[in-house]
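One chain, subunit A, links the two complexes that follow: it is found with subunit B in the first and with subunit C in the second.
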Partner chain A sequence: MTQYRVLPGPEHFLPPSAASMGICLPNPGEAHINGVIVPEEQAYEEAAKQFLMAKVPTLFPGPLVLWAWNEKAAKKATAIRHLYNTLKECVQPGQTPMLIPMPDYRPKYPKINPEVEINPNHPNLTIWHNKIDCCMFIGVHCHQANLSLKIIRGGTSCYTIAMCAQAGHEDAMLSFRDASVEKIMRLADAVKRLKGTVTPRLTSAKSGASN
Partner chain B sequence: MSKERIKISEDLYDIMPSDYQDLVKSATYGKEDRGWKDIGNSKELIEQHSLCAGCPESMAFRYILASLPNPEDTVMVGSTGCTSLVFPMVAVHNIHSLFGNQNAIASGLKRALSVRFPGRTKDVVVLAGDGATVDIGLDMTLQAWFRQEKFTTICFDNELYANTGGQESGLMQKGFVAKMAPVGKLFDKVRLPEIARESGCHYVVQCTVSKPSLVEKVVRNAVMIAREIGPTYLQLYTPCILEIGKNSMEGLQEMRDSEKPTERFAYKEYVSEPAKQLLAEIAAKDKEKKAAAKQLASQGA
Partner chain C sequence: MADTHSVIGTKNKKGQTFTDTWAMMNDAPRTPSFFTGSEVIKEALRRASCDVMIAYPITPQSEAAALIGELFAEGYIGDYFRGESEFAVMSQCAGAAFGGARVFTTTAGPGTMRAMENFPMWSGARLPIQMIVTCRGINSPLSIQPDTLEIAYLLNTGMLVWHAETAQDFFDWILKGYMVSEEPDVHLPLALCCDGFFVTHTKDVVNLTPADMCLPPYDPYRSPVPCMDMECPPVRMMRDPFVMKSNYISYATHASWQQEVWAAVERSRKHTIKWLNGLIETENTDAEVLIVASGTAVSQGREAIRLLEDEGIRCGLVKIKVLRPWPGEEIREATKNAKHIIVPEFNVTGWLAKEIRATIPNSERVHSGPRVCGGMTMPPEIIVSEIKTLLGMRTMSLAGRGS
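For the complex of A and B:
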């Protein structure tokens, strides 16, 4: 079994893909935390804790939920908004939850505006700019999520969570699989349940990114 | 065919950058009489671009995108060159092909789209530079025309390889000295419009992009004819102002000078008999529509 663990970076300029280091994807009903397979229930608790500890917990919804291309997508968008509102209700003063979209994947010239969006080709810009120390990808196509998660692990100290609608992501520090409206709501419930029980990292001098 | 396909999820609408909101609110998808006059009044399908200031290619790009009759159901196939810097900024499906391979890609794509969406009109438009169309990709260009593939090929003719610093291309004029072609071209400019006609293209036009209304007309004709009859070809002069030693403001004048009747970009058009018939039918339908609209307006008044 591999000794490699998927941990917040900065790992180095070109981090290895976690899969190449022996990290496996979870089976249905499971998730992974730092590359270790765990029951899904444990992952909800851990993800909620990470959100509540973070100075700038952030949700990054991708095109699969930003665009109402079918009814399910629109429902997921509603659930994401609910999770964001829950985060805002449950954090302590000084913590600033954010909801930043990834509307598409094109490499944008001359530059993106990191205050209003994230681009998978240079996600570190948005993370550095907003000092994001915990984020969750949702509704991002897998190949673009893999690319971004690796860049984030390579160049920032941000904790990454993937709420993946397929089989999950090795390159995230915590990954769910088979994302659904119910799972997003369960995560929101876990955040609510743990409200007030987690000490936020507000005193940390090094918030968000390292560059 | 409408904006039905691009709806933002209501609950996340407020966080979408304004570019995307504008695209949904005021782009001209689904507008039947869309054209270059929408530029300035609506959200263009081209966002920022990183071409040089005053680049005629950027003007051409904007006119073409404003003139596509069916942008939401159009796929553009591009090739390596300055255009590839623009395609990521374009709100129309596009494919970047291997250099010179664009007409081969478009052939397969057009056939696949007709199998996958039998009841829907899907247009394919190739947009490539002269190097990709006439030099490296000539084989693919001609073979697609021989096979009567139903798509439009547009060549941005800047008469050299501009993106790589000014090498000689087949469409360069005889005697021209470029930065990386110091001897001067020894041969005549390849007469691709004539070759296109002989290779089976049903609509061939050579012109500059100095007149937006002309570009609109030829683009619409080319797409409609390709949709119904067979291959069409447009050769548009989009001079590279940097490589021919002009300033940003001089691109338009360069095109005007080159389109005079005795010059190499004098307007040239070839329309096959079936294409003529189709254009006449389209014109008659448009006339009918306009008359009906006029009658309706006068009744309303």
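For the complex of A and C:
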């Protein structure tokens, strides 16, 4: 049993992959928080709490849910929009929810506009620029999501959540697996349920660039 | 998105039923058949719902490659052709896998070495290609005979590396291998190795699953990277890749990419344990003397143990089935009681003994040998002799001992 925990960074010049530190992915019906396997229900509560605590809670939808390339993607995109609207309804003054897409994976450094997109090759630019202290990846291909999550953990203090349609992500601080429209809606419901019960941090993310 | 479960129970164009793989491998009736290892590769492929097989002749895998050509002619393989060289074959395999196909190939010895540049590329691009490696000599002067040195070169490519002992292992692991390597959290190539000739060209009784059952097809929509997107890594290799930028972020991206490949190797551990029932197999690990081996050295070890028993010497066995991911914890646990750990190998360098030494406490317990190479056989008597010498017992002199 590993003692390693997947925590907000900045962790290291080059943080290790959580898998190499012995963190395992959850089985169906489970999630993980900081690398510890938990029942999925607990993860909804914790993810909602993290969103409501954050100064800039942000959703990062990726290519798998953008572009309405099939019916399932279109439905997921609608659910994500619902989650974003729920966040806006439930946060307190001073908190700024954002919805920033990861439209593709092309390397764009240094041309990326961090206000309108995030890129897996340099996701820290978007985190730093917008002082994002909690984010959720959804609809990003697993390899690219892990790439982003490790770089974010390495260079920022952002709390990362993954709503993965496959097996989940150990490199996020909290990860769901087998993401579906229903699971996104359940997360939105958890946010609604916790509205007003969580004290927001109202300080920006700690990182070399943003502070 | 595609849903592979939806095809379970339906038939393919050959009339085979797409079958839940767990049920097919564990519950379906088996038919004992007397086949060579090469024929077993063909029979496994018949049931693998393979889209593309690319071949190039090199002993001792040529027979298997040719037999799979027959499968193509019979309509069991989507496409099949001969590449211009091993390097070309492995590059063509990458192209087919990038396009979303289930891909299979076979190689050996110098062919493996010639194609080596492609293997870390396959891993980095997260391509779940399956490659059979029928190990043979790689050095000059030329040898086509069994020798496992090439496996040492594969261990750090980011591929999954399994080492089959028998033709039965081969049959089961080809089919199970796709199940592990195609998991979205793994999605890596698999080098399924065996000792050439010993496995490929000898006949053995192999229990085959029904020929009218086959694996569900590969679902490329579960891939952790997009299929064949010419604008994005990993396909975007040659034009302005991020690795060509000279700045911290580009280097950090590449570093994170490499870490992710090895993270995927780690993730395969859970799936491999499920499908292969563990990364190692053990017998009598409470014994003071333990043989730890992979491939056909395991078979020779079994026979040596039988001979030792006749003389009242108790010896245990650890069969290492999977080399990547490395079963470090399992080996530490299995060897904790052993005073002498004997590692017989079919190669000159003793790469397996080095891996074991780097894994366990009190590594002076590891005795690297006996080793043979260049096609030499390893009579169980030389393992027995090595063990008796270690134990301070008298043993007869044997000609042709390895290092």
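In the analysis below, the second predicted complex is superposed on the first by the 200 of 211 C-alpha atoms of A that agree within 3 Å, B and C clash if a C-alpha of one lies under 4 Å from a C-alpha of the other, contacts with A are read in each partner's own complex, and residues count from 1 in each chain.
Quick note on the criterion: a residue touches a chain if its C-beta (ideal position, glycine included) is under 8 Å from a C-beta of that chain, and two chains touch if they have at least 3 such contacts.
Here the structure is a predicted model, which means the values were calculated and not measured.
J.: Which holds for A:P107: it touches subunit B only (first), subunit C only (second), both, or neither?
T.: Once the two structures are laid over each other on A, A:P107 reaches both partners.
J.: Pick one for A:C142: touches subunit B only (first), subunit C only (second), both, or neither.
T.: Only subunit C is touched by A:C142; subunit B is not.
J.: Now for A:P200: first (subunit B), second (subunit C), both, or neither, which partner does it touch?
T.: A:P200 contacts neither subunit B nor subunit C.
J.: Touch test for A:V116: subunit B only (first), subunit C only (second), both, or neither?
T.: So A:V116 only meets subunit B here.
J.: May I ask you to decide whether A:A74 touches subunit B, subunit C, both, or neither, giving the answer as first, second, both or neither?
T.: first
J.: After superposition on the shared chain, which partner residues are touched by A:P10: those of subunit B (first), subunit C (second), both, or neither?
T.: After superposing on A, A:P10 lies clear of both subunit B and subunit C.
J.: Does subunit B (first) or subunit C (second) touch A:P63, or do both, or does neither?
T.: After superposition on chain A, A:P63 lies in contact with subunit C alone.
J.: Subunit B or subunit C: which reaches more residues on subunit A?
T.: Larger number of subunit A residues touched: C.
J.: Across the two complexes, find the residues of subunit A that touch subunit B and also touch subunit C.
T.: In subunit A, residues 73, 106-107, 109 are touched by subunit B and also by subunit C.
J.: Please name which positions on subunit A make contact with subunit C in the complex.
T.: 14, 16-20, 24-25, 63, 70, 72-73, 104-107, 109, 120-122, 124-125, 141-144, 146-147, 150-151, 154-155, 166-168, 170-171
J.: How about subunit C: which of its residues touch subunit A in the complex?
T.: Those in contact with subunit A are residues 1, 126, 183-185, 187, 222-226, 229, 231-233, 236, 240-242, 245, 247, 249-250, 252-253, 255-257, 259-260, 262-264, 266-267, 270.
J.: Note which residues of subunit A are touching subunit B in the complex, please.
T.: So the residues of subunit A in touch with subunit B come to 61, 65-69, 73-74, 76-78, 80-81, 99-101, 103, 106-110, 113, 116-117.
J.: Within their complex, state which residues of subunit B touch subunit A.
T.: 5-12, 15-17, 20, 48-50, 85, 88-89
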